[in-house]
Amino acid sequence: MPTDQIVQYCFSGITVGSIYAIVAIGFNIIYNTTGVINFAQGEFVVLGAMTAITLAARMPLALAVGLAALITALIGALVELLFIRPAKQPTVLRLIIITIGVSILLRETALHVWDEKVHALPFFTGTEVSSVTLLGAHVSPQVLWVLGACALIVAGLSLFFKFTLPGRAMRACAANRTAAQLCGIKVRWMVTASFMLSAGVGALAGCVISPVTQTQYDMGAPLAIKGFTVAILGGLGNSVAAVAAGLLLGLLEAFSISLFPLAYQDVVAIVVLLAVLCFRPSGLFGRRDAHAFGEF
Amino acid sequence: MKCLQWFAIAALASVVGGAWAAEGAEPASGPIKVGCIFSVTGPASNLGAPEKKTAEMLVEKINAAGGVLGRKIQLIVKDSEGTPEKAISFAHQLIDEEGVLAIIGPSTSGESLAIKNICQENKTILLSCAAAEKITDPVAPYVFKVAPKDACAAQWIFQTMKELGIRRIGVLASNDGFGLAGKEQLEKYAPQDHIEIAGSEVYDKATTDLTGALNKIKGQNVQAVVNWSTVPAQALVAKNMKQLGFDVPLFQSHGFANIKYVQAGGAAANGTIFPAGRMLIADLLPEGHPQKRVLMEYKKEYEARYHEDTSTFGGHAYDALTILAEAIRKAGSAAPEKVRDAIENLQGVVGTAGVFNFSKTDHNGIGMAAFEMLTVKDGKFALYKRN
Amino acid sequence: MDRWLLDTQGLNRFFGGLHAVRDLELRVAEGDILALIGPNGAGKTTTLNIIAGALKPESGVVRFRGQPITGWKPHAIAGLGIARTFQTTRLFPRMTVAENVQVGRHIRSRAGFLAGMLDLPRTWKEERAIRAAALAILEKLDLAEHADTPAGNLSFGRQRGVEFARALAMEPSLLLLDEPAAGLNIYETAELARLITKIRNWGITVVIVEHDMSLVMEISDAVVVLHEGSILAQGKPAEIQKDSEVIRIYLGEDHA
Amino acid sequence: MRSRRYAPIAGLVFFVIALQLALSATGTAYYLTQITMSVYYSLVALGLCLLMGYAGQISLGHAGFFAIGGYTSAFLTTHPVATSGGGSAVRLLQQLGLLVERQDLYGNAIVNLSPWLALAIAMAVTTAAALLVGLPVVRLRGHYLAMATLGFGIIVYRVVLGTAGLGEADGFSDVPPFRLFGWLEVNGRKPFAAQNYYIAWTLVVIVMLLGANLVRSRVGRALRSIRESEEAADALGVNVARYKLTVFVLSAWLAALAGVFATHYRGGIGPSEATAFKSIRYVAIVAAGGMTNLWGALTMGVLLNFLSLRGVFGSYDDAVFGAILIAIMLFAPDGLVRLPRLFRRIRKKLDGSLAA
């Protein structure tokens, strides 16, 4: 394989991988404060992008993206208030089923609010045909936006969780719910906040990738599955590991094309996931005994 | 327990007895029932949604003009979500319960093939909107299709390639009925046109990134890429190729015939070459062209009513309904066997896809003449001319 | 060798850097009530979990009637007739009390998937026997009136009783009790003491981990004091009460 | 005790026969086709109910097993067997009567494997797949289990969608009928509608009989104890891993069996039978039936599928199942079939307080 082709595979792997990583981080934010895996995470990505596309027709792009993230965050809060909070004695099984239901409802709503057609945000810089040459490979400038956004989100979130009061409160809930409650943290509202944050992050991701991947009402679920795969590969709850796992899976998928038909690309990713679940349920980077068996 | 036994005996009797009483003869008055099975939602909604809209619009128009043979057409639309199991269920429902004269659709090949035998056995006319050749090959007397032959589209592409001196190509196809049917035809006709398919990849319709696959094909030193699909990935292919600096001509199938994809592809879509019906270039057609009037009318009405652009697929529903109405008129009756015979004898029916000429052995009725080679210039469709 | 119903040799278990059980040599004589005591973190529950198969030791051997059972799965160990209760009661809350106890008959009955589906007369008979045995045990523990109540609806004390009934339904030869008196009031504790003595008199050996000293001293035949994972002292209750080392490290700290 | 257990089954038989008679008497026998299809789907729900409701193990991949059954049988019974010049294996099959000669729609003679042999192979393949997935899956809980089973389903979907020999996106559409014996055959054509209605229900009645026995047996209790507390069940001598694996395989069998019969009945199968959403629908059905309730799963399985197959939900089909999932989990965790019981209990209480 010539070097420029290898570099090209690397770039497409890293692009796809960082998209997965952002979705996985969205999973982790909610998982950490609530112990819930929100199967509707992919829908936040779609909602964010769709809203931004609608808004972008009426206002500057940056404003549209910001507003879309805000609106999606509110939808996230609404999802928590309407569907998660009222669940009594929420077992993991029940919460999984509820979030799956939410995912289906959001998807169908998107279908009927928008339509079945494909939409895309305009490129943030340049156009469809612009490409940047890096190490002998060609990439779209939007890819750099995706990578930048991913890095920014990771950095922003770690600052948020380390240095801000709400961030610390959310971490406290993750570490020990009861103790957090005793310290006067309103745990219930922290859960709502985590849904908002995660929806907002998802929406941002949706906006950055929309020019490259395009957006359609039903692309949420496949994205969510990949994001979930990455979250587990990295070890549930560990966002830095999720980035590493995302890039790893992206690269794996990119290079798998050179060996297997593209039609089996998902199979490769999921076989890896099943193998990890089988042998290292705590993820590639997690401690062997940590999280291995969540309570049911 | 006694009661149970009587039940069992009665039930057994009705089982051994077999079929229930035959349906009554076709009523000579009242509306003519036509069933539609479209994948209005689900993975093939880009086909089914415009088909449904078109069918509803056209039936309204026909009925407003007094219907066919003085009878109104009653349309019963079912959303199969692109799944054969629902298509089968709806086919039974439409035939047994509604007693429809004909079924228009399904939108996808898998569904059409799944209900082909059901329609044939029940002597209900099927006018499929899907691509696969297998729908009308081998010919089943009651089964027709209106979508143009993939084989013709493939031959048009290869002919253009030969003119350009292209010998070595890469093929991409979506993993759905449309894409696979096209890929099959490309592979079938490539050898006789002396074109080598150096690499081919099949991708999921929901794919969001094709740079990997294109990179692989790029590594095969091809002179052109053919993409065969109906899905948004058509714009993605164009974009990804430009991003990769992969500078060879991009050919697409007639599935590209939707201005949405050109818009989604933006500047990257410019220069794409593809075969298509004349719907997209209706305004460019000379005044005397047989399709000009039909196409302009359909376009105008559809766009006024639904505020969206027409697509080839909506056109399929238009053609199917037009053919059916024409056949009923010719037959002078809505009896299935007479209408069927009439369709087989239809000649020169002008539709959106072209001029249909059916025969006993050709239940598709449309050939090479259905297509023109088009290209994209400055975000608009234009006739392709070698320069 | 067969002198001991249960014995361990050189048992070690770590949790990260913590050496929870250190070269433990434990011997349980048949028919005894043996109490495992010690301050928090002494490794009592860990030892119990290792015996029951819920934890694996890093090294060492557990023998039951001379047969090594180290590393066996809990269900296999249960199959030998070693029953246990948990520190926090683990009933099957949405099953009735009777059903809870019937699960206790699992190792004493045989019907598998096929037999269960076909409901052969033999299975049917076995099922009747299971139900009868379960009811008999509930009767013995004065819980028969709650037989059809979902176990989760019972009071805390009764739930503990059901857990005992469930364990006894196994007809165990060894019963491991993990802090059975925790959360009980003095009347309930006295009741518990009588029950445990009764169980011993049925011929069941009991190993009990307990903090309640008066209970331990009242009922046990032998006491083992653990400290930082190893045995500090062992002997009759009266001897332990006099052991100055134990008083200093264990009782002394408690009283300080 | 026993007769009480079999009374509902007798009631079901009674209902099934009465329904068919009523339909043919009123000239609405056309409903039979869609009922038959729904009954096959409810078989999957019954298996999932055992796994999810009783043993407490979620599976988001059961459509995968349905597809494995259906596709294996479809592949084997449509793949022509070369009789001329075939090896000794072919001759052996011929002597055993395991080859079927038939004519296709266009009068060409073809020789295929007997559907009975195909059924046996389909079940064997399913067993292998269930064991392969089950071995790691029995060790997992909660989200991990959900993801692993979801992943399995996606793999099956991708493989049937991406493999040329399995028809790719088009699937199979020319699967022959399955002659059970004599004049009895699994066949979707109109003259066979009534007997196929009974074939499907017979399967369900047998499964209900075995299932109702199982859940009340020693094994059923053990399964529920696993759902309640794996640790306690383990400590009582229940071989948790083996029970989980066995019930996983059992429920996979039911799904695959439904797949085989439904495929022969409809004359085909497509990749849409293997999608993740299909699996989620089965979960929704079991949830709507009240999770730990075989009768609920059966009722909801037949009812919801029947409505869906008739297109009652129109373009909102998916949304309906999503809404069911949420509503059931939030407001009626005991399922829809328990609602009347809930009302009855409330009324009884009211009556009681009035009488007092």
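Order of writing sets the chain letters: A, B, C and D. Residues in each chain are counted from 1.
Assume a contact is a pair of C-beta atoms (placed from the backbone, for glycine too) under 8 Å apart; a residue touches a chain by one contact, two chains touch by 3 or more.
Being a predicted model, the structure only gives us computed values, none of them experimental.
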Labels of chains that are neighbours to chain A and to chain C: D
Number of steps on the shortest touching-chain route linking chain B and chain C: 2
Chain at maximum distance from chain D, centres defined as averaged CA atoms: C
By mean Cα position, the chain sitting nearest the middle: D
Averaged-CA centre spacing for the pair chain D and chain B, given as whole angstrom: 33
Chain A-chain B separation of Cα centroids, rounded to whole Å: 37
Distance between the centres, which are taken as Cα means, of chain D and chain C, whole angstrom: 43
In chain B, residues with contacts to at least two other chains: 41, 175, 202, 204
Multi-partner residues of chain D (at least 2 other chains): 161-162, 318
Touching pairs among all chains present in the structure: A-B, A-D, B-D, C-D
Chain A-touching residues of chain D, taken from the complex the two chains share: 52, 56, 58, 60, 133, 135-136, 139-144, 146-148, 150-152, 154-155, 158-159, 161-162, 276-277, 280, 283-284, 287, 316, 318-319, 321-326, 329-330, 333
Touching residues (chain side chain A, partner chain B) in the complex: 1-2, 5, 8-9, 11-13, 15-16, 19, 111, 115-120, 122-123, 127-129, 131, 133, 138-140, 143, 209, 212-214, 216, 218-219, 222-223, 253-254, 257-258, 261-263, 265-266
Touching residues (chain side chain B, partner chain A) in the complex: 41, 43, 45-46, 49, 175, 201-204, 206, 208-209, 211-213, 215-216, 218-219, 232, 235-236, 238-239, 242-245, 260-261, 264-269, 308
Residues of chain D defined as touching chain B within the complex: 10, 13-14, 17-18, 20-21, 24, 27, 29-30, 33-34, 37, 105-106, 161-162, 167-171, 173-174, 183, 188-195, 198, 262, 266-273, 308-311, 314-315, 317-318
Residues of chain A that touch chain D when the two form their complex: 37, 83, 86-87, 92-94, 96-98, 100-105, 107-109, 221, 225, 228-229, 232, 236, 261, 263-264, 266-267, 270-271, 273-274, 277-278, 281, 293-296
